[in-house]
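Given below, in the form of structure tokens, are the structures.
Each of the next two complexes has chain A plus one more chain, namely chain B in the first and chain C in the second.
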Partner chain A sequence: MKVKINGQELEAREGETILELCLRHDIPIPHLCYHPAFGGQGACRMCLVELKEPGRVNNRLVASCTYPIHSSVEVTTESERVHRLRRNIVMLLARRASQNPWMKELVEQYGAPSLPPVQTEPADCILCGLCNHACEKMGKTAIWSMFRGIEKRIATPYDEAADECMGCAACAQICPTQAIKVEEDAATRTIWNKKFELVACRRCGKNFATREQIEYMRESSGYEVDELCDHCRKLTLAQNVRHYSR
Partner chain B sequence: MQINPQEYAEASRYESLIKSYPGRPQYILAIMQDLQKQYNYLPRLALTMISSHVGVPVSKIYAMASFYKAFSLTPKGRFVFRVCDGTACHIKGSETLLDQLYQHLGIKAGQTTEDGQFSLETVNCLGACALAPVVVVNGKVYGKVKPGDLEEIIRECGGQCHVS
Partner chain C sequence: MSAKIKENNYDQQTVLVCCGTGCTANGGRKVYEAFVEKVKDHTEWKVQPILKSTGCNGWCEKGPLVRIMPRDITYCSVTPKDVDEIINKTLLEGSLVKRLLYRDPVTKEHLSSHHQTDFYRKQHKVALRNIGEIDPGRIEDYIERGGYQALALALHNMSGQEVIDAVKASGLRGRGGGGFPTGVKWQSCKDAPGQPKYIICNGDEGDPGAFMDRSIMEGDPHTVIEGMILGAYAVGASQGFIYVRDEYDLAVQYLGKAIEDARSHGYLGPNILNSGFSFDIEIVRGGGAFVCGEETALIASIEGRTGEPKDKYIFPSEKGLWGQPTVINNVETWANVPVIILHGADSFASIGTSGSKGTKVFSLVGKVVNTGLVEVPMGTTLREIIFEIGGGVLKKRKFKAVQTGGPSGGCIPEELLDLPIDFDSLTQAGSMMGSGGLIVMDDHTCMVEVARYYVNFLAGESCGKCTPCREGIRALLEILTRICNGEGRPEDVEMLEEISTTMQEASLCALGRTAPNPVLSTLRYFRDEYLAHIEQHKCPAGVCRNLTTFYIDADACTGCGLCKKQCSVDAIQGEKKETHVIDESLCIRCGECFRNCAFNAVKIR
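Coming up: the complex of A and B.
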């Protein structure tokens, strides 16, 4: 399927979204809630682009992360209209996370006017939902978006330590605003009001997972898990392979 | 799921209700509505049971329960006062009604009296604007309520007014 992006003709793959096509060709489209691991959620609206469809007079705005290319459309990724909308989104998000450094950068980049913050206590979370999806992908779904409207927030049920949580901190790792607090000392990690014992790599001695994670890996794979960190596991594997390839 | 003996009786009560629905995600709301109707709130244990029955994580069940205003996560009183605070009722003095109820029962919107008799809620519109201001108590509609009528309504429910 041939499509025109900013006047340039590109070949889209079957089922590819506008955002994926653009990212593949290094055409930047800002996005907050899209991640290659989960696809688009269409939640943040930062990736809005102008779209000209065959047989339509007016351009329309679509979220490029959830728009699969199915006809020879013409896309404009940067325009006055798109920029104005993105600026508004940044302005509103900055109202929630006014003190967040990453958010401050965005505000500067888009020249978004500042509004008085909504919360008395500054928040970091912009509710992009990436953490939910990371947790779901890990096979746990210990956290999700709770409540609604201005009270909406990411939490565990009843804000208590969740049975499902294994302390992998995938949520914190993917969070663009570092809104999820992880506390770590030499032997433990505390996240989502739950404390976990950390397991050290038996080769290099670095903490690399929680006890619950190892347990989960063993249960879901059916194999005994060698307590090695990523790096040491690769090393051991490479050494084994060398032994065979001689 | 681990259930201790004290919870066992509670669990079996919820179980018959939950198991009367097929174990598929599209029945979550219906189950929750039934539970809310029967117990006036969604008990914590019941949420976990729904989760294992329909195969949806507890976090998502809790997210749904906390999303809808029709569901309560804490026990409600035997009599639930729903004071309409839609535009018409607001203009017709629903604020005064809320103030009066606070005087009589000592609770604000969203709260329940300590004896578990009364709960107070506000709703955004009941669609009965011609009767503004409207108060609904356990499904019974009182229209054109004057602050002075509230005492009578509370008495009807067997309640004591602190201020006469």
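Coming up: the complex of A and C.
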């Protein structure tokens, strides 16, 4: 299907989102809550673009991360209107993480006026929701958003150590503002008020997972888990392949 | 006298006691029970009267209401103590209990029927046609008044497409707020590939002061159910859900009973009325979030997920509940459907304006004489509703504004009172129809505080998913609170407008897009008041405490002592019949004296 992005004609796949199409063609659209692993949420609204649908006179604003292409639309990814909205969104959002370098960069890029900071819990959280989705993708629901409106925040149920949490820290890894705190010493990891025993790679000796994670892998796959870190697992795999291909 | 007893006593009389939530709160249920007890005590009946507890008559101000049919007598503010007198005088002797009749405030005449009152005369009941006339717990009552005839007609004489065509031709638009053409929505669902299809009734009424959906569900549950079955037949759906706000206990009870009765009468379940068509309905109780009235959030809630909206680039009519084609309509919309099918699209379309057909139920509340539910043809002016039906502003104060459409609606000033209300005119005026809340405000209302109140409501009720809504509301609330506290800054008005327009354009769902309406509409019509707060540090309405100093005008004060009596901190001193004085150092600026002085002697400095 032919669509026009900023005047340039592109071939889109039926049903893919505008953002996915643009990212495939290296057309930049700012986005904070989209991740290729989960698709779009339409939450941060930074990826708004102007859209002209066939048969319609006026341009409308749509979130490019959730708008599926089903017709020959014309998209403008940058315009004065879009820029103004993105600037104001950055202005409103930056208060939640005013000291975060990435946020500071965005403020500068859009020339967003500054508003007094807002104390969030956890500090610097911009509620993009990526951590929720990471947790869900891991097969768990240890964290989710609680409350609503301006009180909304990410937390474990009742802010207690969650049975569901296996300490994988996928949430912390994906967090764009490093809002989720992970503390580690030689043998343990503490995250979301819960302490985990770390397991060392049997080959290189580096800590690579928590005991609960290994258990979870064993349970969900039904196989014994070889206690190897990512790097060593690949190495071992490569050695095995070489061995058998001889 | 004896002749009268005879004549009267042979009629089959029916006593209708209003037991809507408002009247029940005022003792309506006890009045009904008193009738049940006392009617039994009398042995002189030739024909014993039928007693019915009904849904809300709408005239909550005068409740509990007792109506006696067929003579159409209406008694207001009835207590259990009045029951004996009503039985003896009216039911047995045939005379009227004058003191319980409504007295017209202008002509001072006692009116025997509520139909003669200003409150009812201008109303036109379609969605509320049965409420107050039937016992909502009895399916026979509904059937007696033509219920389920539309269903029989459609199932045996019309195709699904013909039902949709009729709804299209009627011009019915969604009563929940959006005003989307109902027939178009149904068509899109019918044409969408995929089975099963679902029907949802949105009963998650959440606007402060709005209770029309509650009254329909409580007072005439079968009309909602019949509407849904007709919709299901039209689009080919097999399962329906009624999503009821959790607090609406009575509605859940009556709907549950109605669904059971409809099943046992063959109107719900497999092979309805031997037509081969099957459909059933389940009640889902809401989770208590205002945002779940938004259809995609409501669907998420039924599915068991967090009640957060999604972008509607694909409508629920194509991909809704569990990804299946789903028609979701509001309670009042469903209540209109049987009427359209039974009496024809033309008769429905003959009511209303060119763009908005039929009637609309409004809940008229706030500083108005007759609070309650009113159903009027689209195109009725706000002035007719507030001043003719509503009887004007309480205590004869000056009208200032009317808030329409709930927290996301706007405030409409006096100069627009002659606006014929329909979906489009209200949107143009910067407000919206919403679900039909009308909150009347008098000149003792501060419009900045009103905007702050609604934004504060939404601060707790936005789902918090998207940035413009969540963070925009936070910023608006900060600024409005600042202005009300007397700390407003010159740049605040411009900032309010900038944030508001960003929310309108960029928010994910309609809640966020309309959330700034209270701010923008008050800025549009009452900008002076904002400037008075910011520049002159004054609250012209005398509401914002930091900006108000009260004093007593010596020329106007009669020394009646009312203010002195009501002052909770003893800040007012003065002898009887002499001018009173407010001690500013003690005054907490609650405004009680200001609002209650009968001589307007309390002034603002």
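Rule of thumb we're sticking to: the second predicted complex is superposed on the first by the 241 of 246 C-alpha atoms of A that agree within 3 Å, B and C clash if a C-alpha of one lies under 4 Å from a C-alpha of the other, contacts with A are read in each partner's own complex, and residues count from 1 in each chain.
Convention: contacts are C-beta pairs under 8 Å (C-beta built on N, C-alpha and C of every residue); 3 or more make two chains touch, one makes a residue touch a chain.
None of the values given here were measured: they were computed from a predicted structure.
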item	value
Which superposed partner A:48 touches (first chain B, second chain C, both, neither)	second
Touching partner for A:111 - first (chain B), second (chain C), both, neither	neither
Partner with the higher number of touched chain A residues, chain C or chain B	C
Which of chain B and chain C A:157 touches, first, second, both or neither	first
Touching partner for A:88 - first (chain B), second (chain C), both, neither	second
First (chain B), second (chain C), both or neither touched by A:141	first
Chain B versus chain C as contact partner of A:101, first or second or both or neither	neither
Contacts on chain A seen with chain B and repeated with chain C across the two complexes	144-145, 147-148
Contacting residues of chain B [partner chain A, same complex]	44, 47, 57-63, 66-67, 73
Residue numbers on chain A that touch chain B, as the complex places them	140-148, 156-158, 162, 164
List of chain A residues in touch with chain C within their complex	41-46, 48, 61-63, 66-68, 81, 84-85, 88-89, 92-93, 95-96, 115, 118, 127, 129, 144-145, 147-152
Residues of chain C touching chain A in the complex	289, 291, 306, 310-311, 313-314, 458-468, 470-475, 477, 498-499, 502, 505-508
